[in-house]
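Dropping the structures in below, format is structure tokens.
Next come two complexes, and both contain subunit A; in the first it sits with subunit B, in the second with subunit C.
What follows is the complex of A and B.
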């Protein structure tokens, strides 16, 4: 648990790289709407948004440096949301 | 320190006096009791509404009220009982009071947040019930607020929906508080698998409260958006999808059933080993099944929607998952029964409640499997069978566990003992009333009586009479139980620290506990139900 309070010096370069990645993905998520992906449209938007959230959580919110238990809990929550979405689409995609 | 601990939390002089000493107190025990008094008050209103419905169903045609009033009453009954009584129920009352003591802490992790959650609860309740006093009257949609009717009714939908939305925040705050408390404030030596089962179930519940409640919150806001701003989310006339509403509603409301039932199972897991004088059978299996219920419970919401027009793939998936979620519940039941095997059982009132919990919970659970199967569901959907089923689970499961818990922890909370003969008589009458009230509804449902109808054909008359008489017997039992408990809280015999011979930490502190519960935080070196070493009690 003490690990949480440890200081982690993260180089600015990494933050800038992550920021660049986030901007690229934002542009990509707008650009992708021009392509007709049919039933995968929503999936593509959610996928990109999830990758962006994962980057923010991992680097900006320091989850990468947090203790294992918290990492597992956060990953489980995302897995849960993914499963809920997946099951919901078992209805919409097969109607 | 010793000075602080000299008096019980009730006699403790804080900054405020009188009622303010309660409503501004951040002591987890006082907040637990604030919840208890609020919840019991709402429960009694809900019971009266339920009794009014049963009175209307005493005979076909109009008996005591018109159809519109009946619709409003069953909606209010549902809203009050679900959002104001059973969802906060055990976690808010016994969770708040007992959790810190059971894990060896002085309070919850965020005491002020805890008080705030009670205030939000009261505020949400006032908003939800304000529709009663507005022109147009309370909503008549049923507690599920199904689209598209919820957007067309002229009754006051918005206060009820906003009230439920606000109540959600209270639930989330309680969940966060409990999870952090369990992670951070367990006594030294209390590893995860040395934690009693009631805190374990509160932990599972906390996660559901945090993760599922926001979904219903946003859904209820979407209703507001649709009604006020005409945005087409759910109304087909505006390009929305009504089934999406059902999905979003039940993505929360099914896990909410586990918010209700998990702590109930936790309370039963505390009562049974104490009165069996025996270690609980399969502690780890119960812990794992608690977490499994909390997890799998997220994925079964569609079984409320089998006749809604969902895709076949979704139907099979939800039916299969529903059967899977029954497994961990059954594991718990086997473990409780296993604990009783060859036990030297103390036949006291809390045990009677726990034993009858097993009985009614099994009936509720097994009838749930009939509803979880696709073919039978088509026949039984929206009939009185469903009403009987969920009352066996929610009232039978949660209600009986709540009654068991209050009789179990009564000496700890009030420091006095109740009259056990009257308490047991109350239990017998309540139990008979409960079965007489709800069992006929299974038969009515199978023979085709729809739920939420104020009228019925002559064929259904007999079982409806029996059911209504059952409601009177149940209320008689309830009056006996409450009168006994209220009288005993003032005049009962003084209770010692450990009147039942329990092994968990709350039985090592004073009755009622002092402000900070423990003079010294205990160091834990044994499991929570260790009856073999027979430590001093």
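What follows is the complex of A and C.
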């Protein structure tokens, strides 16, 4: 199993496609904030940033091709951090 | 040299790099919480102060970092395909893009300094509490991020040198992989810094 993940060579094309997706989402997030949507603007910007970081983690950082242990570890740590941030802001919004 | 058995565990090296990335994540998450809370307490000042930043410069720098992430990711493929020339070319492209990012950052900060906006400046103190907080966080967080860019630049330079003298090849690409992971982390942090400081106004 480990040998398999070590030997996996990601084709250049995939990186180019991911990059194109990331740039499109960057331009999209700039365009969205130009329209005034109040609190939705913040939500949309954070959502797009989260999708972008998921793409970076999955493809650029090779998680898709890594072993299960690392995948679970990274996903749980990132979720934990996101949860801590979310709960803090929730606390501040409703106190 | 060939008679000595070198013990190497690439999976462990990678895991170690990830553990380091987790600590970096916690460092920046703490700063994001500080930013979020102060923004909540000073909504008007943060709104007005954020409009001082140029969205164009921010967008250009975001795209520069995204492309540089793609080039170093492609370098990890190139080295496995034993294409030394392309690996070096892609690493040099990454270094060039990092340099471009820092150049933009330099002019952005220089512009702010010339307008009298820098930590502890009298103009900033006159603007009030909220603006001082916004710009202190702006300088601290983008400054810390820029420091990471410089570290990444040095790291990638070392990788480039070692690929060139054949001490880093398809047989031991782990240093390149880990430098790549570090560089993607720098990119990840910027993905969140950009909307927080430049877009949400």
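Just so it is clear, the second predicted complex is superposed on the first by the 85 of 95 C-alpha atoms of A that agree within 3 Å, B and C clash if a C-alpha of one lies under 4 Å from a C-alpha of the other, contacts with A are read in each partner's own complex, and residues count from 1 in each chain.
To be clear about the criterion, contacts are C-beta pairs under 8 Å (C-beta built on N, C-alpha and C of every residue); 3 or more make two chains touch, one makes a residue touch a chain.
The structure presented is a predicted model; accordingly, all values stated were derived computationally and were not measured.
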{"item": "Touched partner set for A:45, first subunit B, second subunit C, both or neither", "value": "second"}
{"item": "Partner chain in contact with A:88 - subunit B first, subunit C second, else both or neither", "value": "both"}
{"item": "First, second, both or neither for A:53, with subunit B first and subunit C second", "value": "second"}
{"item": "Superposed model, subunit A: greater residue contact from subunit B or subunit C", "value": "C"}
{"item": "Subunit B versus subunit C as contact partner of A:11, first or second or both or neither", "value": "second"}
{"item": "First (subunit B), second (subunit C), both or neither touched by A:77", "value": "both"}
{"item": "Doubly contacted subunit A residues - partners subunit C and subunit B", "value": "77, 81, 84, 88, 92-93"}
{"item": "Residues of subunit A touching subunit C in the complex", "value": "2, 6, 9-12, 15-16, 18-19, 22-23, 26-27, 29-30, 33, 41-42, 45-46, 48-49, 52-53, 56-57, 59-62, 66-67, 70, 73-74, 77-78, 81, 84-85, 88-89, 92-93"}
{"item": "Interface residues, subunit A side, partner subunit B - complex", "value": "77, 80-81, 83-84, 87-88, 90-95"}
{"item": "Of subunit B, residues touching subunit A in the complex", "value": "211, 243, 247, 251, 295, 298-299, 302, 310-314, 317-318"}
{"item": "Subunit A-touching residues of subunit C, taken from the complex the two chains share", "value": "10-11, 14-15, 18, 22, 25-26, 29, 32-33, 36-37, 40, 55, 59, 62-63, 66-67, 69-70, 73-74, 76-77, 80-81, 177, 180-181, 184, 187-188, 191-192, 194-196, 199-201"}
